[in-house]
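Per-chain residue numbering starts at 1, and chain names A, B and C are given in the order in which the chains are listed.
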Amino acid sequence: MSTVTHVGEESTRAKAVTLPDMGGKSSGRAIKDQAARIVMWSAFVIACVPLVWILVSTLLKGGHMLASVDWWTLSQNGITARREGGGAAHAIQGTLIQGAVTALMSVPIGVLTAIYLVEYGRGRFAKAVSFMVDILTGVPSIVAALFIYALWVTTFGFQRVPFAVTLALVLLMIPTIVRSTEEMLKLVPNELREASYALGVPKWKTIVSIVLPTAFSGIVTGVLLGLARVMGETAPLIILGPYTKSMASNLFDGLMGTLPTMINQDRTEALQPAVDRVWGAALTLILIVFVLNLLGRFLGRFSKVS
Amino acid sequence: MAKRIDVKDLDIFYGDFKAVEGVSMTVEPRSVTAFIGPSGCGKSTVLRTLNRMHEVIPGGRVDGKVLLDDQDLYARTMDPVDVRRTVGMVFQRPNPFPTMSIKDNVAAGLKLNGVKNKKRLDEVVEKSLKGANLWNEVKDRLDKPGAGLSGGQQQRLCIARAIAVEPQVLLMDEPCSALDPISTLAIEDLINELKSQFTIVIVTHNMQQAARVSDQTAFFNLKATGQPGRLVEVGDTQKIFSNPDEQATEDYISGRFG
Amino acid sequence: MSTSITGHSAIDDLPDPEGHGPHEGDRASTSRWGDRLFGGAAKASGLFVVLLVTLVGLFLIVQAVPSLLNNEANFLTSTEWVPSGAEPRFGIAALLWATVITSVIAMLIAVPLGVAVALFITEYAPSWLSKPAAVIIDLLAAVPSIVFGFWGLTIAGQYFQPVQDFLAGTFGFIPFFKDSGFSAKSTLAFAGIILAFMILPIITAISREVFNQVPTPHKEGALALGATKWEMIRTAVLPFGKPGVISGAMLGLGRALGETLAVMILLSTLNPSAPWSFSIFNGGETFASKIALNAGEFDSPQKTGAYIAAGLVLFILTFIVNSIARVVINRRKAFSE
């Protein structure tokens, strides 16, 4: 890209020197060119505004909450909107547990589906699978939540438990894992597969021992990015995972607090302690999501394929 | 350790497209056979049928027989994976496994097939690297990644990897085309040494190379554009290069086409 | 290292001319148990995904139909929403309007802005800034929807008030800009603006991807003819990237249609007896925000079914929009073959 830029600049400059008689015409074009440059730069600045603004707001309004040890160790058990104190440990724990369980279920299915599409899939069935992954990519989180509600609560008659939330999140995470893994597997040079076959290594072992390790860091990147996405999801939580103020770790019984529902719980409160908690929870959630996101990108740098 | 190859009336297909037609030839044990011919004439395709690598391409199939010491490689009971353990292959571009060290690259074939004995693996690594004339250059950095070696070293690493599983036959698909002249020379020397143990078949674009390394040369050509490739002539390298039976062979060798 | 949000499929892709990428569906698999087991597991996962999507559609339909049959109002044209009782009356017209208008506003802002940002990253940014800029825009997508909504309502919204006052004051005679007595932070217009920034990253990501694929000879050809950079972009980059921009916009639209939390937090709900208005400075509810807001009300199959019916319409809408995106991408692939 940079070479092209150079060519561009040099040719403009060269023209200015060698073709002075076109000055009048060129200056109109040059103005347009300059205007376009300014438009692009301002577009980028405008696009940055919300991100910076959100980060600064949450830091200013929620930062002090995260500074206390209580925030990371206590729950909101027994604390009302009027009172200060307590922490977000229950919600952090809930978000992490649900994220981890979601990943645990989505990763094997997602990676295996990607393996099917890249290493095995041909013909109509593979096209159907690929098409369905596309559809799944576009399913709004609220629809995923409704589906699990229709299945879990209406059809099976079960209670709204945290596990139902993870099922909805699995629906949202699978397509991102399939697509990112697919891309990584495709980047593994076919020569490596052939080299392995030529050593008399069966196909499945070639995939497990040669292809997957080569694509490993890229796959991990995809998983972390997908995880960051589902951890910030709120719609399934609102439908399927009512909030609770106390610590909970049972996925199949009772309620479980999470950061998004903690925000949702108090977001309409005007009382300062509650407002502080909302911003604190928002900042904590952003931190978790950004750390996962950036960690994923960082690991992607160690990819053996590119 | 080396076996003889008999190819009988071999037709090779990609789906419905017949790529190569009616190849019959014999490759003697402990000899080097070179496949030469213009691009697209099917010589690499024929080579890949000798260890059933042709089948890993979708739609790839063959008619006819390939016998390894009278054993039909395409018999229904024959497992292609076993065939590939018996007939090793070295590719055009060096392709060491990027996640593995030099040592693990050489041991890969054995390890992935379940050999766990460390002592045996170490022995095989040393023997194979020595066999590939690479031991002295890498013995102090066996745990370094194989991808860190030079192109020529990487290709010898791939040869070491191929001979580590002790195949009967070694197939080489233009093994020097991505290498500089000095590395090429090293590989050619290596081929001369390896032929005391292995039956070697090499595809090459370089006729001087074919003349230098091979005992027997097979010339492949297309009948016409769009037609399947075929084996025009096979014989002693000396004879093919000095006094071929077919006019097409003579034209190709003297550089009149191709 | 590309991100996963672009939703690229291996099946659609051409084999790399240099022999990278596997031969799809090669026949290296054998009858040994390891291959059977592993290949079987991979195929079963694929089957699982197919079943999953089929079930989503099926379940939504099965649970929506009884409620739809009981519905006394026209589901498509009614603006009422009284899904319970002996004579339930509910229709999606109001939801559809709010969903579409917020998404349209979002698109009007996000598409030009997203394309400009993509051009900035691929063509204008100094090389040291190009990669960080791309990461910054991608991080915008990582901001949780609920945070976006909360920030919009409590902080950013007030700054939109003067804009709304000006537009409503100057163009208020047009029904579209009529002042409806809502605070600027909770109108359809402002929700659309927030949505714009939420879908900006995906539009930028996909536009960026295609702009990067513009063959260098095309660009150098234009420059060699003495074109300025902007002329080069207009003649070489934009025409080549157009299908990518369209499909990126469609994927963005799909997101905007289904976006839940931010919209739910921002939008003021309307009084059921309020007269119908086409104003963008009105409140309202989208499909997603309506469903989420009333999650506590899912107490009878009749009521739940009504919301599921609304969800089904949303599913179909996003499905159509995403399919268009897919078709455009594939057609481009077919041309570049």
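To be clear about the criterion, a contact is a pair of C-beta atoms (placed from the backbone, for glycine too) under 8 Å apart; a residue touches a chain by one contact, two chains touch by 3 or more.
To keep track of the chains, here are their UniProt names: A = Phosphate transport system permease protein PstA; C = Phosphate transport system permease protein.
The shown structure was predicted, so the numbers you read here are calculated from the model rather than taken from an experiment.
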item: Top chain pair, ranked by number of contacting C-beta pairs; value: A-C
item: Identity of the chain that, by mean CA position, is farthest from chain C; value: B
item: Between chain A and chain B, centroid-to-centroid distance (C-alpha), Å; value: 47
item: Inter-chain centre distance, chain A versus chain C - centres from mean C-alpha coordinates, in Å; value: 15
item: CA centroid of chain B to CA centroid of chain C, Å; value: 53
item: For chain B, residues contacting two or more additional chains; value: 56, 58, 81
item: In chain A, residues with contacts to at least two other chains; value: 122, 189, 191, 193, 197, 202, 205-206
item: Touching two or more other chains - residue numbers and ranges from chain C; value: 23-26, 28, 30, 32
item: Residue ranges of chain A touching chain C (in the complex, touch as defined); value: 1-2, 4-5, 7-8, 11-12, 15, 29-30, 32-33, 35-37, 39-41, 43-44, 46-48, 50-51, 53-54, 57-58, 108-110, 112-123, 125-130, 132-144, 146-147, 149-151, 153-155, 171, 174-180, 182-183, 185-191, 193, 197, 202-208, 211, 218, 221-222, 225-226, 228-229, 231-235, 238-239, 260, 263-264, 267, 278, 282, 285-286, 289-290, 293, 297, 300-301, 303, 306
item: Chain A-facing residues of chain B, complex; value: 51, 53, 56, 58, 81-86, 88-89, 91, 93, 95, 97-99, 108-109, 112-113, 158, 161-162, 165
item: Residue numbers on chain A that touch chain B, as the complex places them; value: 122, 189, 191-202, 205-206, 209-210, 213-214, 216, 304-305
item: Interfacial residue positions of chain C with respect to chain A in the complex; value: 1-13, 19-26, 28-30, 32, 34-35, 37-39, 41-50, 52-56, 59-60, 62-63, 113-114, 116-117, 119-125, 127, 130, 133, 135-140, 142-148, 150-151, 155-156, 197, 200, 204, 212, 216, 219-220, 223-224, 226, 228-233, 251, 254-255, 257-261, 265, 287-288, 291-292, 295, 298, 301, 304, 307-308, 311, 314-315, 318-319, 321-323, 326
